[in-house]
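Both complexes shown next keep subunit A, but they swap its partner, so subunit B is in the first and subunit C is in the second.
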Partner chain A sequence: MAFVEQLIANLLYGAILGAVYGLATMGLSLIFGVLRIVNVGHGAFIMIGAFTAYWMFTLYGISPVLSLPLAMAAGMIIGVAVYLVVVKRLVDAPELATLLAMFAIGIFIEEAAKQIWGANYVGYSWEIGSISLPFTEIPYTKLVAFISSILIAAAVYVWFRKTKLGKAVRAVVEDREGALTCGIDVNKIYALSFSLGIGLTVLSGVLVTLFTPVGINAYMGGEYTLKAFVIAVLGGLASPWGAFYAGFIFGLIENGSYTLLGLIPGVEPFGLTRFVSFVVLMLVLLLKPTGLLGGE
Partner chain B sequence: MLTVRELESGYGEMQVLWGVNLDVREKSITTVLGPNGAGKSTTLKTIFGILKPWSGTVEYIGENVTNMPPHKKVELGITLVPEGRHLFPNMTVEDNLIMGAYLKRAEDRLEDSLDLVYTLFPRLKEREKQKAGTLSGGEQQMLAIARALMTSPNLILMDEPSQGLAPKLVKEVFETVLKLKEEGLTILLVEQNVFASLEISDYAYVLHEGKIAFGGSVDEVRESEEIKKAYLGV
Partner chain C sequence: MKKLLVFVLVGMVLFFAGCAQQQPQQATTPAGPKEETLYFGAPISLSGKFAEEGKASLYGMQVAAKWINEHGGVKVGDTTYKIEIKYYDDESKKENVQSLIERLATVDKVKFILAPYSSGLTLAAAPIAEKYQVLLNSHGGASDYIFEQGYYYVVQTLSPASKYQTGFLDMVKKLDPNAKRVALVYEDGEFSRAVHQAAKEYAEELGFEIVYEKTYPAGATDLSPILNELKATNPDVIIGGGHFADGQLLAKQLAELNINVKAISILVAPTFPEFYEALGNKAEGICGPAQWEVGARYTPDVADELGVEWYGPTQDEFLAMYKELAGEDAVPPYQAAEAAAAVLSYAKAIEKAQSLDPAKVREAMNGLKFMCLYGLWQIDPETGKQVGHEMDIIQWQNGEKKIVWPEAAATADPCYPMPTWDEKASGATCGS
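Moving on to the complex of A and B:
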């Protein structure tokens, strides 16, 4: 019975974390979908968001919820700058060139962060209590992260479906040449999408801090780059919605397998959960290479 | 209306156009004929600005538009119906049309433009809510033309609208092009379907290996035995 309760608790926790994972991958998928660029420096932007939340809280006592719009704005500005300085010249370049450029940008940001903020792990704790369920206790901070992720993803969805600019982004994704014949300024859409993608990524970094109380560091992003890649592929790579749903699935698998692996004597579950995630990824790629929700 | 002089362009290092000269008169249908790989699509893409011209000039109603990006040309009233249609496959027919009216100038006329294209293509009205990717080839071609009309153009560049269509539909497409001319539009058409396109054209050019080999009124092209044998394969 204790085991079932623990599994349920972990799955619940997995769904909550999964929503944040999903949001943290939407930016990667958006940038890939529109520009066909793989942002291998993804995690570095999450790190910027994490530090934003940390400093706002530590210096000014600003709650992470209020840091969200700030991180989004900062991310969009950084995104435009990176687009104009680097990416714009590489849009039609071979894939390897953009891959290397994004890799270099990631390293540049990490090293700059290390110079400015040092290499130590830091963290903060935002105490707002917790809710008691029959089988577990969930801190409100995690519920805040969960609800924020869903609301933000929904807002992005509505923006894409209903606004003129959102529809123009979709048109460019579906057919660049077709978009040109409609009078859409494709370069502007590229800049906007890149900026939005980086903005969402930095923003998700704020929410990530609610799960890693002492895990903020210049190099923290690597793990998220890796997870975001797995999630993006699960979700079909080019679709921000696919990424969001896949984030849920990934969170469930990660936390569910943690409980199950703990049952095996002599196994250290924490180290193996990542292995399980990659096994799932490989199975999906073998059985449905367009991603779990891809295929459109 | 459109004057193209000594236009050169290509892909990467490979030059495709070697000094193309074309004149398109207002409210006419001008056709560019030529074998596969002659550079017909390249000519239209370079005029529209999807490809950067290497040298030469493109003039539209007296204005030099050689290096103007495509979205600005659409603003001026030029658009392209590209080879292979390039629709938005996961959007509905209606949304494809609305995307055509993206720019302010076209958006202001959205309702009128929709009326016009639905009158021209009643079949699209019936399939309004259907995804563009699920239309038949002929319907997709109609949608491509209709989407171009939504931009409120004066000059339409059309790249092989009859490609891959059954003979009956080919006829329908050419009749539509003629109707557009009667509506006051100017059309620069690229075709391999020699007979059908000469039937509706006022002027014709023959493009051969990236150069204009011959140009003139349709009657002149028809009469030139040489042209027939060498380029049109008639």
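Moving on to the complex of A and C:
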């Protein structure tokens, strides 16, 4: 029975982690979808969100849930600034130029963060109890992360489907020239999408700390950048909700495969879970090269 | 004009010496007492995952160099050398470490190198130092494996990994002979592997039963799969960890999953004040091995009693000088003390050898035994492994870090068994 119980426990944690992963990838997909820019500095923005949650909690005792809108706003402002200063000039430049620029911005932010906040690994303890299940314990903070992720993803979905601006963004994704001839200010849409993408990414940094409230550090983003790329590709790269959906699956695979791999004698299952995630990615790409929810 | 002439002449001498592909013997120039600068090279992790530890070690080195310079420098023959640390940021990356060692040895012509932080990086540095026959003093690379490769120019200042968790096991055995079930959960890296392989062997020797042993990859952000599994094995004692972030995470998730044991010892993380800040009173009762701790008993008097020579700043001097560099509130972690000890050991060995030739200094190190604020310094002549220094076990009690083992060094009694997570959630601490 222990095996089944552990599998269920790991899948539960995987689902929660997956939702956070998913949201942490939406920003990346959005920016790629609209601007065709690969945000290699993705993790640095997640780190900003994590520090936002940390400082708000440590200095003012503000719960991380209330830090969510704050992080979103801060992220959007940073996003607009980065767009106006750097990205705007590079929209039509070769892909390598934007790749390098985003890489540089990522490094710049990380080093600036280290200068301002130091190199220490910090963390906070927001204790709101936990649910005791027969086979595991789930802290409410993780549930809050899970539910917030789903609600925010849903809100983004509705915004894209129902609002005029959201439709305009989709139009630009679909056909830039076409959108232009229909009177859509493509530059404005670019700025909006970029800042929205960064905003979502910074916000997801807060959710990341709800799941893992320790180990917050200027360089914490690297791990998430790597995973976000896998998830984004899995989800069809240009599709934010594809990314959310794929993140969910990624989390389930990452944690769920542990129990299954543990059945093989003589292997260290934890090291292999990433391997399995990548195998799944390759299989998906073989069978459906556009990703799970990718279009044509 | 005279200065310019000397400058040009020195330049020419150096140029020709370089052309002749000979090592310029800096100490052989005649004339009376002279003052020169001697550079100790160091790849330091100022960024990347060891930025925290790297920064502390750099401050430690600089404090030691400053103390040496203020106390007469290093005398070789008629020449007095002022010590300066020449360092580069290795970004916590092996590739960088290797090219930086090469650079220090060939471009900067440094003969004495202070190894980078962590076993992994030191292991990368060792073959390069050996190749250029420059000394490499490991102050942050504890893995025994480094010293089992037959390198001659690599020596160790800190206690080797095999000694990290053994004190904790001794302590548990003494406190509670009935605690038999040990679980090991550690990071999959050179250092933590070396520590826990040795700990496992030692535990079995002491009669403990290993009920669980698993590793997790570096950079893991969720340890729940491994801990859900561990919970079912019902251990009395957990030992594990690796570096900073994962150690914090391990403690946090043990609390979240409500896994109660009698004692826990985690590598590296509990020695930092941020550990308690991040976990709050959940950190109560958690132990960790420390190479050194503020309050450790090493003083010139102790050295006298043991009949060994004392060298370097006293602890109070060290703390004051560290604050000058690192800031008013800075308390040196053990990475600072061990790096300082490495610098002191170089200075001591160079004076003993009366030479700047790395081979001669290495030979002088074989018979060198001294005490500094970090403890005893003595190496095994064969491997270069540190044998003089002893590990402390620290434990968080009532929001303070106490030394609980070895008994002679202890500043408090061990808190055993540690409070359960539920007790801690309702405010229990080790003192209450």
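Throughout what follows, the second predicted complex is superposed on the first by the 293 of 296 C-alpha atoms of A that agree within 3 Å, B and C clash if a C-alpha of one lies under 4 Å from a C-alpha of the other, contacts with A are read in each partner's own complex, and residues count from 1 in each chain.
Definition applied: a residue touches a chain if its C-beta (ideal position, glycine included) is under 8 Å from a C-beta of that chain, and two chains touch if they have at least 3 such contacts.
Predicted model only: the values in this text are computed from it and were never measured.
Participant: Should subunit B and subunit C be called a clash or a fit once both complexes are overlaid on subunit A?
Facilitator: Superposition result for subunit B and subunit C: fit.
Participant: With both structures superposed, pick whichever of subunit B and subunit C touches the larger number of subunit A residues.
Facilitator: Touching more residues of subunit A than the other partner does is C.
Participant: Using the superposition on chain A described above, determine whether A:Asn255 touches subunit B (first), subunit C (second), both, or neither.
Facilitator: A:Asn255 sits against subunit C, while subunit B stays out of touch.
Participant: Regarding the shared-chain residue A:Ile128, is it in contact with subunit B (first), subunit C (second), both, or neither?
Facilitator: neither
Participant: Taking CA centres after the superposition, what's the angle at subunit A between the directions to subunit B and subunit C, given in steps of 10 degrees?
Facilitator: Taking subunit A as the apex, subunit B and subunit C sit 140 degrees apart.
Participant: First (subunit B), second (subunit C), both or neither: which does A:Gln6 touch?
Facilitator: second
Participant: For A:Arg274, decide between first (touching subunit B), second (touching subunit C), both and neither.
Facilitator: Second partner only.
Participant: Of the two partner chains, subunit B (first) and subunit C (second), which one does A:Asp185 touch, if any: first, second, both, or neither?
Facilitator: first
Participant: After overlaying the two complexes, what is the shortest C-alpha distance between subunit B and subunit C, in Å?
Facilitator: In this superposition, no C-alpha atom of subunit B lies closer than 38 Å to one of subunit C.
Participant: Under the definition above, what is the set of subunit A residues touching subunit B in their complex?
Facilitator: Of all residues in subunit A, those touching subunit B are 164, 167-168, 170-171, 174-175, 177-187, 296.
Participant: Going by the contact rule at the top, pick out the subunit C residues touching subunit A in the complex.
Facilitator: Residue list for subunit C touching subunit A: 47-49, 51-52, 55, 188, 214-217, 219-222, 224-226, 228-229, 231-232, 244-246, 248-249, 251-252, 256-258, 272, 274, 277-280, 282, 425.
Participant: Which positions of subunit B touch subunit A when the two form their complex?
Facilitator: It is residues 48, 50, 69-71, 74-75, 79-82, 85-91, 95, 98-100, 102-103, 106, 147-148, 150-151 of subunit B that touch subunit A.
Participant: For the complex, which residues does subunit A have touching subunit C?
Facilitator: 2, 6, 9-10, 13, 17, 110-111, 114, 119-125, 127, 130, 132, 135-137, 139, 142, 208, 211-215, 217-220, 222-223, 255, 258-259, 262, 268-271, 273-274
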